[in-house]
Amino acid sequence: MAFLEVRCLTKEFYGLRALDRVDFSVEERKILGIIGPNGAGKTTLFNIISGILRPTAGEIQFQGARINHLKPHQIAMAGIARTFQIVRPFGNFTVLKNVLVGFGHRFYPGLFSSAYRFEKETHLERAREILARVGMETYQGSIAKNLPLGLKKHLEIARALALDPSLLLLDEPMAGLQYEEFEKLAGLIRGLREEGITIVLIEHNMQVVMDLCERIVVLDHGVKIAEGSPEEVRTDPQVIEAYIGQEETVA
Amino acid sequence: MFGGYIITVAVTIGIYIILAMSLNIITGYAGQISLGHAAFWGIGAYCSALLSTRLGLPFWIGLPMTIAITALTGSLLAIPCLRVREDFLAITTIGINFVVQAVFLYVPFFGGAMGIGGIRSPFSTSSFFWITLIFVLVCIVLDRWLVTSWIGLALESIREDETAAAISGIDVVRFKVAAFAIGSGLTGLAGHLYAHFMTFISADDFGFPQSIVILSMIVFGGIGTLRGAILGAIILGVAPEIFRPVLDYRTLIYGGLLIFMMRFQPGGILGDQSVLPKLFRMVRQRSPALVRSG
Amino acid sequence: MIWQQFANGLAIGSVYALIALGLTMVYGVLRILHIAHAGVYALGAYVGLLVFRFIPNFWLALAITMVASSFAGIILQRYLYAPLLALPRIVPLIASIGLFIAMEEIFRLIAGPYILAFPADPGLGGIEWGIVRITNNQFLVFLVTVSLLATLWFVMSKTKLGLAMKATSQDLEIASVMGINTERIIATNFLIGSALAGAAGVLVGVYFNSVYPTMGSIPAYKALAIIVLGGLGSIPGTVLGGLLIGLGETLLLGLINIPFPRDALAFIIMIIILMFRPYGLLGKE
């Protein structure tokens, strides 16, 4: 049984199909890449998996249970964390506080525990460890909205890790980063997979996708046009067709 | 120890402080713009007045009941607010204010246009001052506890970004209801004090203009900060007394002040990004350095 | 009797629609709640009355008022709202409320707290169809609102300007990338919206034969209920909402005669409809 299974997923906005009967699955501890030209429906797919949007039709199963009727916070609690392509940190919070927000469902489950302090030493310690993972330990006191884009992207990952997820959805984590940062972030993603986190990655940079992912799903105008290993996808004529004008990056 | 006039103004300001703090929880911390806060205040005051005049309940027994009932009604009235966001929410809360006021005015049970009179207060005016002061202090402690608690963090994260909060595992609906419940519970306290201090209340006291005054207090002082809520309540509580000699221009000055503040210091007097707190932080950062170098 | 009430309701509803239209147009481009719009409406009534006292011609007063109030709208946009747009939504909202309060006070200080009569007769006469009698004032309201709405509809759907206005209200940034002068479109929205509000002020002043400083208070909040009802930013929705509220108020209160304040009724209708359609009648997410 697949770890995450998406079946016949369809989403319509005002009669337009953003996603059209998309199927794919991810095995545990694997990295799946999702690629496709702009407007292919990649982010819509993430929004549906994370519960922000409801699918028009279709089903999502996570560890054998149907999740497409759950609310975003329930999906987060089930162990699915995500980042946003257009970063949305809690702007007026410090970096450390951003990470602490993700601890709620584990440490403050009930009404009465909600009244406890959120700045407990053990939690702060754990949050600092997570920040160290993404290389941001020196920024813990900075106000999130003042950070440069690259650090905001890393903060998004740190905030997602605070949920202690078993599935991580990364929406273009490399976009807007300097070239030198790519390798470091790729290393981090591999490390997370080693620890047992399953990862689904939307990415525009083909080099990164080809290097990182075991399998790749290609979307175009909401339809899955190819799926397979990086090598298979690279040589698929339909994929090359979809990327006409962008062939240089594919080849 | 003070004159009756001073005490009356002081008690009124104390009640304003509690009101401003309670709205600050809903709007300042949780980010849910409420333009109908006077409705919750009115619910508290009417509840307190009815418990006192119809059931003859004493002050200290009526108090927890009023707070509980107002918190409950507040969270019930929050339900329509949960379905809508931002500007829809702001206008829905105006609507709630008008509807609640209309109920007080037109349902005979609430005394109609005559309001409710004859609420008996067990205290003298000066002891009322001390009791109000103690309640204000209790509320300040509660507020400090709230902002350091997990609820406080959850509310603020909802204010910053509702979607990001949700995908971080925060049950947005539950915490919004919590914000309205805590906030309206405090307005229940303010209503109880107001009813017993005034001994007479009517629907006019809790109209939409009052909601604007309460909102202006926290915006003036610096939204989302306790110090701002307190300062704003004091300024807008004292201002009508100071401007009494120019009675005819008082409302004009109030309106002009709102425009002026928003135009030149939109974060409020004591808001985190405003001039005064920045100066204060600068001075505080510099002084230890001076000590060390000297 | 019911048809009589119907005519009353339609007259009032179309005035509501006229006021709320400006609000919705401003919301469409700037996403701010322009409470002071009702101040422009009251200003229109005063300007109209002032002109009428010098030259007792209704149509001239209406025309001058519309010009004057559109000026007022543009000044508000440029000097009050433009610097506040990047700030949290609550900032322009509070500024707008402050301005509305200040405007009411200025009217009171200049013109006095009294109700002034506005005895204009546009010389239209009334109409009688069997049992339905439309008074000359009602006829005036219908005539003016229908022609203004028709003009607005024409501008919005048949001209390049209207297309640009629609594009701007859909997405300001994309519109400006597409080469639309969004600054000018925003100003145009204020201009048209304020002109409509000024016209509504004159119409109401004549219809009820009264002009007073706080005449904008109730419309200020009722117009909010109406634009929410219609779906914030939707022009047809706003017209529909205005007529619905005007008819609803008049019919419910006139026929059933329940002792309920008509001003809360708009909000009750609004809240009930929002429960089922959280984005209003014709609104989109």
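As written, the chains take the letters A, B and C, and residue 1 is the first residue of each chain.
The rule is simple: a residue touches a chain if its C-beta (ideal position, glycine included) is under 8 Å from a C-beta of that chain, and two chains touch if they have at least 3 such contacts.
Predicted model, so just to flag it, every value in this text is computed and none were measured.
Minimum number of contact steps separating chain B from chain C: 1. Centroid distances from chain A, each centroid being the mean of CA atoms, peak for C.
Measuring from the averaged C-alpha position of chain B to that of chain C gives a distance of 32 Å. Chain geometry summary: the mean Cα position of chain A and that of chain B are 41 Å apart. Annotation: 47 Å between the Cα-based centres of chain A and chain C. Those residues of chain A lying in contact with chain B across their complex are 50-52, 71-73, 75-77, 81-82, 84, 88-93, 97, 100-102, 104-105, 107-108, 113-119, 159, 162-163. On the side of chain B, the complex with chain C involves touching residues 27, 33, 80, 83-84, 86-88, 90-92, 94-96, 98-99, 101-102, 105-106, 208, 212, 215-216, 219, 223, 248-249, 251-252, 254-259, 261-263, 266. The residues of chain B lying in touch with chain A in their complex are 145, 148-154, 156-157, 160-161, 163-172, 178, 272.
Residue ranges of chain C in contact with chain B, taken from their complex: 27, 31, 33, 80, 83-84, 87-95, 97-106, 109, 221, 224-225, 228, 232, 259-261, 263-264, 267-268, 270-271, 274-275, 278-280.
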